[in-house]
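Each chain gets a letter, A, B, C and D, in the order it is written, and its residues are counted from 1.
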Amino acid sequence: MFFASDNATGAAPEVMAAIAEAEAGYAMPYGNDPLTERAQARVREVFEAPNAAVYFVATGTAANALALASHCPPWGTVFCHKGSHIEEDECAAPEFFTGGAKLTLLEGQDAKVSHDALQAAMASTARRGVHQVQGGAISVTQATEMGAAYSVEEVRALTSLARKARLPVHMDGTRLANVLARMNVTPAEMTWKSGVDVLCLGATKNGTMAAEAVILFDPERAWEFELRRKRGGHLFSKMRLLSAQMEAYLTDDLWLRLAAQSNGMADRLADGLRAAGVLIENQVGANMLFPRIRLDQHRRLQGAGARYYPWTDFDPDGPDDATVGIRLVTNFRTTEEEIDKFLDVLAA
Amino acid sequence: MFFASDNATGAAPEVMAAIAEAEAGYAMPYGNDPLTERAQARVREVFEAPNAAVYFVATGTAANALALASHCPPWGTVFCHKGSHIEEDECAAPEFFTGGAKLTLLEGQDAKVSHDALQAAMASTARRGVHQVQGGAISVTQATEMGAAYSVEEVRALTSLARKARLPVHMDGTRLANVLARMNVTPAEMTWKSGVDVLCLGATKNGTMAAEAVILFDPERAWEFELRRKRGGHLFSKMRLLSAQMEAYLTDDLWLRLAAQSNGMADRLADGLRAAGVLIENQVGANMLFPRIRLDQHRRLQGAGARYYPWTDFDPDGPDDATVGIRLVTNFRTTEEEIDKFLDVLAA
Amino acid sequence: MFFASDNATGAAPEVMAAIAEAEAGYAMPYGNDPLTERAQARVREVFEAPNAAVYFVATGTAANALALASHCPPWGTVFCHKGSHIEEDECAAPEFFTGGAKLTLLEGQDAKVSHDALQAAMASTARRGVHQVQGGAISVTQATEMGAAYSVEEVRALTSLARKARLPVHMDGTRLANVLARMNVTPAEMTWKSGVDVLCLGATKNGTMAAEAVILFDPERAWEFELRRKRGGHLFSKMRLLSAQMEAYLTDDLWLRLAAQSNGMADRLADGLRAAGVLIENQVGANMLFPRIRLDQHRRLQGAGARYYPWTDFDPDGPDDATVGIRLVTNFRTTEEEIDKFLDVLAA
Amino acid sequence: MFFASDNATGAAPEVMAAIAEAEAGYAMPYGNDPLTERAQARVREVFEAPNAAVYFVATGTAANALALASHCPPWGTVFCHKGSHIEEDECAAPEFFTGGAKLTLLEGQDAKVSHDALQAAMASTARRGVHQVQGGAISVTQATEMGAAYSVEEVRALTSLARKARLPVHMDGTRLANVLARMNVTPAEMTWKSGVDVLCLGATKNGTMAAEAVILFDPERAWEFELRRKRGGHLFSKMRLLSAQMEAYLTDDLWLRLAAQSNGMADRLADGLRAAGVLIENQVGANMLFPRIRLDQHRRLQGAGARYYPWTDFDPDGPDDATVGIRLVTNFRTTEEEIDKFLDVLAA
């Protein structure tokens, strides 16, 4: 019953096999190898973006920080949700990599940037002079930190604001696969066709060991990105071992199949919770649920060894019928048995 | 006949097996898992350093830059050899991570920092006031970029200068295993017992996929290091997959056995070259040779598919008896057959 | 009728005379001169802080950014009001000088940091791990950007939170003189005796040409500050010309007399406005008023050449009885005639 | 007998008068005032550069660091002389402002960048890949730290290398006035007409209190420069007080007259030294002499209160006929009496 995070499991067998195959023999280092070329081509194909510049790094924070630094100057601000990963969980990596830019924190339901909040913040910034930071970039997270998904229309509404202001759009796609697996939308439609300039395509939470792709749909800043990656310490000598992961991940829709598996388990869990009368507080757009349970349920689950994080403050010594908001994350290895046991403990 | 670098092969079978085993099941992310604890304990044991703070990252540049930033202030200078990796091959990562420190470049045979050069540079810096950068740290590379090894006595001569000036000593130990495998010296004697404060222990060139250890023998700056690692994007969620590599690498002397294998091949190659009348220009302290060969030899080797880098400028259309300095690096997978074939082609 | 800012006039005659005297003859550069020593001693005396380290710079942004960088690490956050100068008007200078720290923006009436907001934000930060920025520093502005003043008790309530968390307290004292001139409180009581660790003492808005003092009540970080000042380009060769300004400014209570003059004009203006039925929306703690006037009044004032900034959005073509919030700042050269003319135009 | 530096005196009477006049009345802050506009126009006129963007700052280090940061990316290197001010005397301000760029240190007689050294260094850098810093900018100092002057031809030889590599050229013109006053060359010929892209025009050492101009001959990076200046804390609220200095300085050739006065005193001193058999070791291109004197002469001069810096290491207890290299700097207030007294003491 492990629902603490989707970053706590291993890698898909196809990915492990690809690594094992790739590590044999010699290959030129730092990405100058055929496997890396192949994996980059695979990304371009999946995203229908033949001119995109594609790079692999090993952590989501590195991907985001390098992408933002390549698109937002030191005197710029990144418009993003106040609960976004780049604000809350990267220990100021964006500020470090950009050389001291700011993040402008926006409101919005389910950790989605609200169109009106963005518009207002951008309008306020647009009137600014030399004493204030300038508009730098817009960042959206798909799915959000609250497990919600932007529709294509919602993405476009935000990116059209960006385009009018000539600001680039960054998408933190840590759980993009989970979103796409729930929608009848192509990767291209959800990203560059909807105005996204640079995508951080997560994979580590959904089947790779440690591999993320940064996709610059406009390759103009590709060389700058490469230099930033190197001096950030993120250029791997044995790059092909990252490339092998990404190639396997994107082959035969593995990424979407893994995400669908994970989403399905989230749905099974959601159904069971709702049947038990539990309120799920977020729009479920990926593999994360934010239910509010009673303390007696929480205590039983903890006692039975269920792993998850409380999301709201609560008094551990409170009465049984007090409630606590919790976060439940499924992953591609979650089993029906885990789900059913969780629901049983909750109910009993 | 691949002698271009030791970063172009894969990982040792023991390391691959450890990864495969570690990836099963769940483990808390970001290093909060038993395997990481075990691997850290293994490092402390190997280095006889029970209080050391031990961290794993995936690239040598990350290890060096984070280690230096944790020990040298933005207004400091790192004394190092002018040909060191931190100066020549990291695209100013140390400058980036420190927030704008300098590197003071020193002379020295075989890329070893000369005691006299260090002493003179430190003396000059010690007289400085607010207009100049201050002494920040000393950095030595073991083995050096020219494949030479510092003796324990040489390390101590440098670190005693550092101690007098109260400056910390960083050792870039990318090929420390190769050095130790050639000497009757313990890891502790070569490092903290000789005055090294922070060691970047390379492993990726000698049997891991992508795993390096940073060892802070004085744990005082451990928390700072952790924060720098995180905001540098170098804190892996599936840390245990790095830890697994490092544990396997340091178990049953695997690291020293792999290095000895690699060194042995370098020796076989050196013997053959000398027998063929070729001058080897560096002190051979690890697994790298810098021979000077004739252009006709170079052309034959290239024609036969041998992979290595020229080290000196030369005229590709020059006469047969002109010479070129080349760099030959063996690795733990280099075979006797490769060596012998190389020597045959050279001779024929 | 110039009420746009207090940074738009010149320097007091005593200050100009001091510069003229100081510029004669030779003096060792970079502050190694007797006049600088004397001015530093004067600051220490005025603040009853014999051990304080005292430095002079030429702009308030430089003072704040250097002070914060010397007290908040790159992975820290500065707790401050969301409308503070360091957030709103320094183009991310704090982020630049600290190497990428954050600012945590707090609410509070009249741009004063609310005790409860600070307590809540600090509590939230205190539970953080390596993924989040750490508590770095607390910054308060005296008087605030809304012209209000913290009482000694209010300062102490905030600094006691800081002390519990072992965080340093920065005071942006751009208009500290105006506050002190209104209270029966000594400079020491308002600052270090109330828990302030580093004070940026403004002077440029109140009688000097371009001179601010940074006072480190705890001199432990003095040398770091000096190095940061130098590499920030803020160490003046002809430092004595700054020192002369500061010495004159602090001699015979000139600073308090100038501030009292400015405050008196603000009071006269406030009285007149209130008599005319105008609401003044801020607590008046210094020399700034935020009245809300009608558009017909605004139009008459503009027509008569009055200089001030609107503070709220408004429709320039709106009806006469619509209102606009404006900011009026007096300075040490403001005359009764200016005030009375302004009130006449408003009323007519 | 003050020859320690030209930054240790005050300001010319014309400059002081201009400040006194400018400080009266009100003016919009931050350079939005008519006087600043006039001073900028004056600079453009003197340099025959109608499109140049012109900014005023208060220190040479600020001018250099901001100019370099606006022209060299964080992953670039600035080619400069190893003894240049930006390397030796700015405590890594260029590294700080650029966000971690490098300086590539070049040899050259009298602290002039040697054409061959620059060519070799640039050629070496041009072959570099992602592992190394890229060519960023070329920086020359006019006059050099050794008091020598580049001829127009020498400047052009260097800038033509820059142009081929599409790298911008920065001139640190701290003592440009002294050079121009010795040559029959216009300011334009010495700078943009010879390929200089950005000039830091010193004035503080030659007659202003604290005012330097940064001239971007190509205004493309003007807005970036303004933002960097602001966030560096170098945008003065009472900008007109800097502008007034610069306008007066450039009016009626004051800057050249002051420099000529200073140069003339250096010549008188040089003549006297040579007549006394003293070797002057530098090419005298400005107002600085580097003579080598005997220890008995040094002792007499010190005893008589002469102020200057030794330039070479020497044993203070050495024999009378040992020698020491010293640096003598004249300034616009140096008198014939000072010179003659110095020569008398030396001779006696």
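Methods note: contacts are C-beta pairs under 8 Å (C-beta built on N, C-alpha and C of every residue); 3 or more make two chains touch, one makes a residue touch a chain.
Given the structure is predicted, the values throughout are model-derived calculations rather than measurements.
Engineer: Hey, which pair has more contacts between C-betas, A-C or A-D?
Structural biologist: A-C
Engineer: Measuring between Cα centroids, what's the chain most distant from subunit C?
Structural biologist: B
Engineer: When the centre of a chain is set as the mean of its C-alpha atoms, what distance in Å lies between subunit A and subunit D?
Structural biologist: 51
Engineer: Measuring centre to centre with CA averages, how many angstrom lie between subunit A and subunit C?
Structural biologist: Between these chains, centre-to-centre, one finds 42 Å.
Engineer: What parts of subunit D, by residue number, touch at least two of the other chains?
Structural biologist: 74-75, 90-92, 96-97, 99-100, 130-131, 227, 230-231, 235, in rising order.
Engineer: Could you pull out which subunit D residues touch subunit A in their complex?
Structural biologist: These residues of subunit D touch subunit A: 30, 73-75, 99-100, 130-131, 134, 224, 226-228, 230-231, 235.
Engineer: If you look only at subunit A, which of its residues touch subunit C in the complex?
Structural biologist: 74-75, 88-92, 95-103, 105, 130-133
Engineer: For the complex, which residues does subunit B have touching subunit A?
Structural biologist: My answer: residues 2, 4-5, 7-11, 16, 19-20, 22-29, 57-63, 65-66, 90-93, 96-97, 204-205, 209-210, 227, 230-238, 241, 307.
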